[in-house]
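Both of the next two complexes hold chain A, though its partner changes from chain B to chain C.
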Partner chain A sequence: MSLNIKVQTKDQYVLLNIEGDVDLYSSPDVREALLKLTKKKTPTILVNLEKVPYMDSSGVATLIEGLQQCNKYQGRFSLVSLRDNVREVFELTRLDKIFEIHKDVNEALANGSV
Partner chain B sequence: MPEPIIKIRDLHTSYGELKVLKGITLDVYADETLVILGRSGCGKSTLLRHLIGLQKPTKGEIYIKDVDIVRASEDGREEVMKKIGMLFQGAALFNSMSVGENVALPLVEHTPLESSTISIMTRMKLDLVGLAGFENFMPSQLSGGMKKRAAMARALAMDPDILFCDEPSAGLDPIVAVGIDHLILKLKKAFKMTIVVVTHELASVFLIADRIALLHEGEVIFLGTKEEMKNSKDPRICQFLERRPDEEIIDRDKHLSALVGEGYIS
Partner chain C sequence: MAKKIEVRITSDPQMLSVLRAAITQVGQLAGFAPMEISKIVLAVDEACSNIMRHAYKGKKNQPIIVTCKLKPTKLEIVMHDFGNSVDVEKIKSRKLNDLRPGGLGVHIMKSIMDRVIFKNGTDEGNFLIMQKALPKRQ
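On to the complex of A and B.
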């Protein structure tokens, strides 16, 4: 499944919509999209994983890089709409404690200063 | 019944005149842990070498995810192997490289990932095997159990969906050995991997196996669950489970010839 990335700029946040498997070969595209946003010091980045059926550790590592860059300028970095199997990967690697994870965009907006 | 992820069909291999594998037929299903059990020299490590493409059989077929890896082109075989992890018996770490460099090697060689991403992945894998913070250590600074864990982290580097382990607890003390077994259980649960373990350690078998294939003189003489194995009346299986030594049969004349050096050849 090829990867499709769309950036939606809203008033209070930027939504990064990812569609497709995020794996060893596609995660560099996610990285590039994320780093474009963090270079501009985008204050709030919400990464929508609703249409990501599979994510391997390279995808997780890429999101960690995004979070790390965002933290440098004290931006907000949230993951939303994770499928159960993708959420499990975060839980098993204890990364659910590091990331801000919400069930959807509305919950993310209701639970933080955006 | 689901389609097997690995299919071995009528596999034969010889070392010169010595027949090592004599028609192995075996299926491995997705998400199961299959333990290949057998005495030293029964052909189990040879079978594993065939599964990872290090050795070609004299006859027979091996399909991994429907690719015939015996007859596939080098590129075709390499593509399949990228999603297979291998834990070698002696860990097989590169001593001139740090632990982190060892783990990162498959990612550096086979993926387009940036070094910053690879560094994070390397630390994640080391954390998973209980070696967080050891990335700058050299293999010579690690204990036997830690080397096995580092080798496991390297085997997991590419997020394999099939993991092969050759004697994972060989040469380790019982506590460290059971730690490796628990690590295998954890990985299976976490990543839903298909795991094939070659071993002769019974304690390990009964902890980690979903199914067991018992190899004896190059043939599969038993395939089933732990319970089925425990209930077997086959004398060869009973001998293995009861850890009874072979009966010593001495040919008087041959024995005498051997002692006095009169051209006795076994």
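On to the complex of A and C.
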């Protein structure tokens, strides 16, 4: 399954929609998209994983890098709409305690200063 | 007699999706629940990614042989490559509170599988053996 990445710019946040498996092959594309946003110091980045059926540690590592870049300028970096097996990867690595994770965009908007 | 499934791929990351599809079928054959299958698939993907990155250092045309043995009480998956012998100490899992990209693969493998055994630098190449007990039949 090829990866499709779309950036939606809203009034107060940017939604990064990812569609497809995120693995060693495709994670460089996610990295490129994320770093474009963090280089511009995008204040709030919501990463929508609703259409990501699979993610491995290279995908998680890419998101860690995005989070770290965002933290450097005190931005907000949030993951939304994770499928159960993708959420499991974050739980296995205990990164569910590090990332801000919400069940959907509405919950993220209701639970933060966007 | 154990059932045996052998998958041979090249060390191209694009092959990972092919391997995942094969391991999903093996997991179903072994009788694991869907969430357990997705975790086993993840463990194999992590092992294969490590071979591509560390043993073959990103070369895409090198062989990786994945042998799945369905034994009476356990599933055994053997990853075999002919790349550089990686120092197991260097690829051991990092501390989870050390927040940096990378170093998560070995931790994931060990969390999911019952046994993870590295046999690197043998005359026949590197082997990674992963075992998981089969689900108990109802």
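Keep in mind that, in the parts below, the second predicted complex is superposed on the first by the 114 of 114 C-alpha atoms of A that agree within 3 Å, B and C clash if a C-alpha of one lies under 4 Å from a C-alpha of the other, contacts with A are read in each partner's own complex, and residues count from 1 in each chain.
Just so it is clear, a residue touches a chain if its C-beta (ideal position, glycine included) is under 8 Å from a C-beta of that chain, and two chains touch if they have at least 3 such contacts.
Keep in mind that what you see is a predicted model, and the values were worked out from it rather than measured.
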Room on chain A for both chain B and chain C (clash or fit): clash
Touched partner set for A:111, first chain B, second chain C, both or neither: neither
Partner chain in contact with A:93 - chain B first, chain C second, else both or neither: both
Partner chain in contact with A:84 - chain B first, chain C second, else both or neither: second
Which of chain B and chain C A:65 touches, first, second, both or neither: both
Superposition-derived comparison: chain B or chain C, residues of chain A touched: C
Which of chain B and chain C A:21 touches, first, second, both or neither: second
Superposition clash, chain B versus chain C, among 25-33, 169-177 or 241-249: 25-33
Doubly contacted residues of chain A, that is, touched by chain B and again by chain C: 23-25, 56-58, 60-62, 64-65, 88, 92-93
In the complex, chain B residues that touch chain A: 107, 110-114, 116-118, 120-121, 124-125, 127-128, 158-159, 190
Footprint of chain A on chain C - complex, ascending: 13-14, 16-17, 20, 35, 38-39, 41-42, 45-46, 49, 52-53, 96, 99-102, 104-105, 107-108, 111-112
Chain A residues touching chain C - in the complex, by the definition given at the top: 1, 21, 23-25, 54, 56-58, 60-62, 64-65, 68, 84-85, 88-89, 92-95, 98
Complex contacts: residues of chain A adjacent to chain B: 23-25, 27-28, 31, 56-58, 60-62, 64-65, 88, 92-93
